[in-house]
Amino acid sequence: MELIERPSIQLVDSFQQVRTQSEKLCEPLQTEDFVVQPVVDVSPPKWHLGHTTWFFETFILQPYVKGYQLFNDSYNFVFNSYYESVGKRVVRTDRGNLSRPTVADVFAYRKHVDAHMLAWLENSESIPERAATLLALGLNHEQQHQELLLTDIKYILGNNPLQPLYRPSAAEKSTAANDVSFSEVQEGMHTIGYQEEGFHFDNEKGVHKVFLHPFAIRNSLVTCGEYLEFIRAGGYQNFRFWLSDGWAWVNTEKAEAPMYWHKMDGVWHQYTLGGLQPIDPSVPVTHINYYEAEAFARWAGLRLPTEFEWEAASRRLSPSAPSTSNFVESERYHPVAQKPGNLQLFGDAWEWTQSAYLPYPYFKTEEGAVGEYNGKFMVNQMVLRGGSCATPANHIRATYRNFFQANLRWQFTGIRLAKHI
Amino acid sequence: MELIERPSIQLVDSFQQVRTQSEKLCEPLQTEDFVVQPVVDVSPPKWHLGHTTWFFETFILQPYVKGYQLFNDSYNFVFNSYYESVGKRVVRTDRGNLSRPTVADVFAYRKHVDAHMLAWLENSESIPERAATLLALGLNHEQQHQELLLTDIKYILGNNPLQPLYRPSAAEKSTAANDVSFSEVQEGMHTIGYQEEGFHFDNEKGVHKVFLHPFAIRNSLVTCGEYLEFIRAGGYQNFRFWLSDGWAWVNTEKAEAPMYWHKMDGVWHQYTLGGLQPIDPSVPVTHINYYEAEAFARWAGLRLPTEFEWEAASRRLSPSAPSTSNFVESERYHPVAQKPGNLQLFGDAWEWTQSAYLPYPYFKTEEGAVGEYNGKFMVNQMVLRGGSCATPANHIRATYRNFFQANLRWQFTGIRLAKHI
Amino acid sequence: MELIERPSIQLVDSFQQVRTQSEKLCEPLQTEDFVVQPVVDVSPPKWHLGHTTWFFETFILQPYVKGYQLFNDSYNFVFNSYYESVGKRVVRTDRGNLSRPTVADVFAYRKHVDAHMLAWLENSESIPERAATLLALGLNHEQQHQELLLTDIKYILGNNPLQPLYRPSAAEKSTAANDVSFSEVQEGMHTIGYQEEGFHFDNEKGVHKVFLHPFAIRNSLVTCGEYLEFIRAGGYQNFRFWLSDGWAWVNTEKAEAPMYWHKMDGVWHQYTLGGLQPIDPSVPVTHINYYEAEAFARWAGLRLPTEFEWEAASRRLSPSAPSTSNFVESERYHPVAQKPGNLQLFGDAWEWTQSAYLPYPYFKTEEGAVGEYNGKFMVNQMVLRGGSCATPANHIRATYRNFFQANLRWQFTGIRLAKHI
Amino acid sequence: MELIERPSIQLVDSFQQVRTQSEKLCEPLQTEDFVVQPVVDVSPPKWHLGHTTWFFETFILQPYVKGYQLFNDSYNFVFNSYYESVGKRVVRTDRGNLSRPTVADVFAYRKHVDAHMLAWLENSESIPERAATLLALGLNHEQQHQELLLTDIKYILGNNPLQPLYRPSAAEKSTAANDVSFSEVQEGMHTIGYQEEGFHFDNEKGVHKVFLHPFAIRNSLVTCGEYLEFIRAGGYQNFRFWLSDGWAWVNTEKAEAPMYWHKMDGVWHQYTLGGLQPIDPSVPVTHINYYEAEAFARWAGLRLPTEFEWEAASRRLSPSAPSTSNFVESERYHPVAQKPGNLQLFGDAWEWTQSAYLPYPYFKTEEGAVGEYNGKFMVNQMVLRGGSCATPANHIRATYRNFFQANLRWQFTGIRLAKHI
């Protein structure tokens, strides 16, 4: 068994920081907010808190910490998400039907697991390399759930008839003029995939080369103001702009605007984590699905970029480390300085690409339960790039592949435009 | 406007007793237990607490108390159940998706409404007769929801993978031998419907005469032991015992025992409000639906009584005031002394009858919103008689008509057998 | 084994008449019309032709005719309707998915079975009593399917975008003034159920007595003209007239008129077997379900009769043999002479009663497969009385109990009004 | 308006050949077989015959032939498939509910349209270029429906409990040893898309370059024998081989073998157009969906090729004109000579690729209704390449992109394996 040296203080700090952050995000909640699941894609916040804890208990404490006793035998059934190899589980649609374990139980579970994790980290002379890998995966996994926590909380509160707010918004609104210009990338070969030393998911591996025809990519995201023009031009009433599945979606859902938009006394408003507010035309439109993004692009005579164009553009045009929005200070729309090289690529919205979520040429599924992490979802989903205002800052990178079904819009999803040149 | 004299102290006491009792029933709950709705028929306990309060606010405080201010404008939308005349409402399937109002909000709502109700009751020289009628209706309405509170809580806890108990059971089990004899009622005319002075629902009105052929009715309910014989005889595998809709239900649900029954290591157990316990063969079987009751009767070569036979039998055979089980001391199965005249007719289980829920000959729907109380449900449901261990004691009477769809079994429902002679 | 004497020529004639009539009803059809099943309740005409034939093959030829060879082994699977005791079968929703057996195959099947049946009838010195009973049942069964053939053909053609007609209508329209008067029946005991010698179904047995309070019953059915008033008065827009399940049905189906009614250029038309025609206000309204019948009655300040009132009224008020409409000459609305004693009780439309379909006091299910004929449907359906323009004339009698679910309206169903006096 | 010269005799011949071929494919059918739609994806054969005719009437006769009278005003509603720009239409699930127009009507419709088309082709001095383009599209469109005719007929007959055959099979079975070797393609640039002069669909346009890493592709399709090994190895019971959506599909459908496979007395059989036959282990497996293809490849430690690899391989390795199987002589499995260069790429089965159906870089939707032909389906589907035994021979080419949802398997779909080297 390969071992790595004594866990660093930095690693211990990371563990504590990530674990604390999940709980901090829940501070504004009432107990009841932790429990409900208004639609199948939204999980109860207490489930997120328990599931991320279960991950450490199942994949680290059980196999690597001698004599560890499970906090509660039944929790594997309650908190397993989709790992077939780890046994039966509560069906996904039932997560919101469970009043127990209570929120207090879940916090006790977290405390118990954290104590054992920290004892192990602090007292081990060395830890197996595999355990270290799983630890890093567990932390990144929890960060993914931090984003879901925010989007799920937004859904829970924003679909409540009382429309309570999550946290008063401290957002300074962007006053910068919107940059509708395009940057060009010339024809040529590009290397795709993660090539550095840090943490990354298995779906970013399989570094490979792609040839791209010349293209141009817009320097900013589509704004609410632009999207409003699409609505006013009858965008939701004209089948010509829509994919066939998209048009069926429009008609089934009677969709006429992004999720969370409400027309009140003739004025469009948007539910935000800071409450209901009139639409700010200068901020990026969010909470649209692939069908809407694609229809908007078609209406505008343009198209969405592929994920390869997106990654190539980010490397060519914005080569320095991503500068991200910071959710902690404002829900989003952190004023983005329009400095050269910052193309709003990171930290505002997950940008739908015209690429289906499929394996890279040399992709390999990992052994064991963690092999179920990404690979088994590689069909019927589209890739999103960039990271949103709800994405943890150190969880954003140019090679990160997010993915969702084409009809979903409860994430902070936005629109980047591209064209061939 | 007709007025009744100053509200009596007894009326004030009743109001306080009923209102307090609902809250008392919720004492063993965790906050989370108040929120969930695992199936459409089960409402979140906080919804019951709010809805019964909304009834008084909407039908009494608003119309009769000058200057009354609504506690919260949005609550009509949240807490209206099915009154079309009182406006739009949260769709029934969404009740479990609402984290707000919180449990604390709902208790504050109750406190607010109770204070105004009591002030009105205590300070009025007289109250309009209509308001008095509505007050009585409101109290009986709340008692109906007290029964639902218990059955819904049982469903919420009993379907949780942790199977928490509601309250430790103090039940002494019945040791009495089961009385499987029958009492006979001779052919003749019977008067059906409520004929006294006290409170009763509109569906009990329309006093009328029915002629009944001679019949016999069993002196006790079918027990778990007897039902177990039905199961062991292949009752759930043989279509011959079942109505066509019932057989479809068996196959769709893969039913093989009453709700809450679990076979563990070869032994049948039952989830009760006191937790999971081995089946006691001497207690009445409960949580079976009409299909199961009818199939059991057919298997036994007998039938269910009609609601008219049931009411006639109760008058002829058990003429004194109903002596009921007492939920407070034990979940149910209060040892029923097998004294003459006590045919276990009241307070153990709601007994399925072979009668569809239809209007009595002279039934008239009341004017206004309260006219929606009973009459509009008179199709596609079956009548149940008697009252269960969860029914408030002063809410039980020989003429009471309960009704549910034939497939439902989350109530404490049981089986009475009958035959022609 | 009890035997009956040599089958009479009359019996042979009946057999031939009934069998021929089914085929005659199909004469106007194209081959394609025999095949489709546009909704689950409507069976393909070729299925009716095959199923009625299967009944004779399965219940008579197989058990009683020595050496009989099945026409085709697979037909039991194809043509069994709902007899659990006779083995597996094509699920009901799949009947319209079967192109084979072809129409020609089905006619060949009929010819084969008829030949064997006739040979048996003509050559037997005696036949077992049980077989004679099954033969009578088979013929009445086929007559029931003759009615379904017509209503299913009407659905198939009337819901086709080309709206082809079945047969040119020779209907003389009724010019008689509508008799909106009521006949009274005084309080008293009535005998219910079939008491004569002829054929009848098991659900008519269980002769028993009922006591009825005094009531009045209208002397004619509700007309299209009257129903139009209900529509114009906003009947489909006002929840107050509707049962809760009915109001849900109105909203789900967006119902605003009876089935087959179409508003064309502002004028209401009705698809009939003779094609699309303007509404004739003097003829009985048909193709309404129980919810609509009940809502109309409530709007009119009246109610539907119970099945007991209906049967009692028919005996007291119209004691002679039923005089029925004759489908062969006109689709319906055979001019009904308003002679005394003819209350339009028979042969115009099946009249919804306010009675659920439940067993009579002494009802007993028969042994064997034919015991599945009626009894297992005794839940969740309402009783209809009288017989429609599509009912075979000798299939109409005062004690006949038809039954359908409350939401169905593809039969020729109408409205009789009643009230207490 | 650009005109092309007088329509050539060859064009007239093509028109006649294609139109005749559709009818020839239906010769073995009974009238009833033309009518049914057992699942939503399968259209009634008469609908295919009418819809392909409607295409010529709508897109050529109406706009380009002066004075042309519609055969029947209602047919646009009946035979429009999915062209939003051409008005309302029968919902897709209702196609099998229409007994009219009859088969004879549809053939009359074909005759009428053909006569007008031929008159126009033969009598025109010149025809507009746009009309010529639409004519070619119409013919290719009809050829696509010829393939669907066969697969839909197979579904209709193969799912009938009588399992009738379509046409006696004259198939000589392949005796050739299966070639499980791989051909290699070295790393490099490839040109993708249609670059010649003939007919092709808009989705093949957008000629562009792709870079491919080195790979190997198997020289033959996966056989039934190999697939049987997968089944026997528990392939359908082990989640590890499956995509998450695929595993859900397996469990929902209780899938355990390809469509049309039946285990009879322990021996696997397959329904073919020639009837039910024991599995021939040497022929390609067909009627599997993307999930099954992907699972098989994963089980085998390999993968599916991308559509770009497939097209590149076909150019490098099999550069001559495709030699196809010939459906007319045998259902399929035309003995494929294992000559060099024939890699079974064309005419046996549509081969699932690991590529989602998305636009090529320079893809442009065409103006007008025909722009709805391909582009609007570019989401949630996977690309298939090659052409099957049911594909018209002159409808097969290396650049052809077929596409279906990942769960469908009623087409002749097969498995090609690939790997990186």
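For reference, chains read A, B, C and D in written order, and residue numbers begin at 1 within each chain.
FYI, a residue touches a chain if its C-beta (ideal position, glycine included) is under 8 Å from a C-beta of that chain, and two chains touch if they have at least 3 such contacts.
Chain by chain, the UniProt names read as follows: A, B, C, D = Ergothioneine biosynthesis protein EgtB.
Keep in mind that what you see is a predicted model, and the values were worked out from it rather than measured.
> Give me the set of chains touching chain C intersected with the set touching chain D.
none
> Between chain B and chain C, two touching copies, which fits better, same or different residues at the interface, with half of the numbers shared as the threshold?
Answer same: the two copies use largely identical residue numbers here.
> Once you find the CA centre of chain A and the CA centre of chain C, what distance in Å lies between them?
About 60 Å, centre to centre.
> Per the centroid of Cα atoms for each chain, what is the distance between chain A and chain D, given in Å?
38
> Where in chain A do residues touch two or more of the other chains?
If we look for residues of chain A contacting two or more partner chains, we find none.
> Got a list of which chains touch which?
Pairs of chains that touch one another: A-B, A-D, B-C, C-D.
> Flag every residue of chain D that touches chain C in the complex, lowest number first.
Of all residues in chain D, those touching chain C are 30-38, 46, 74, 77-78, 90, 94, 96-103, 156-157, 159-162, 164.
> Of all residues in chain A, which touch chain D in the complex?
Result: residues 82, 84-85, 189, 208-211, 213, 239-240, 242-247, 290-291, 294, 303, 354-356, 358-359, 361-362, 376-380, 382, 406, 420 of chain A touch chain D.
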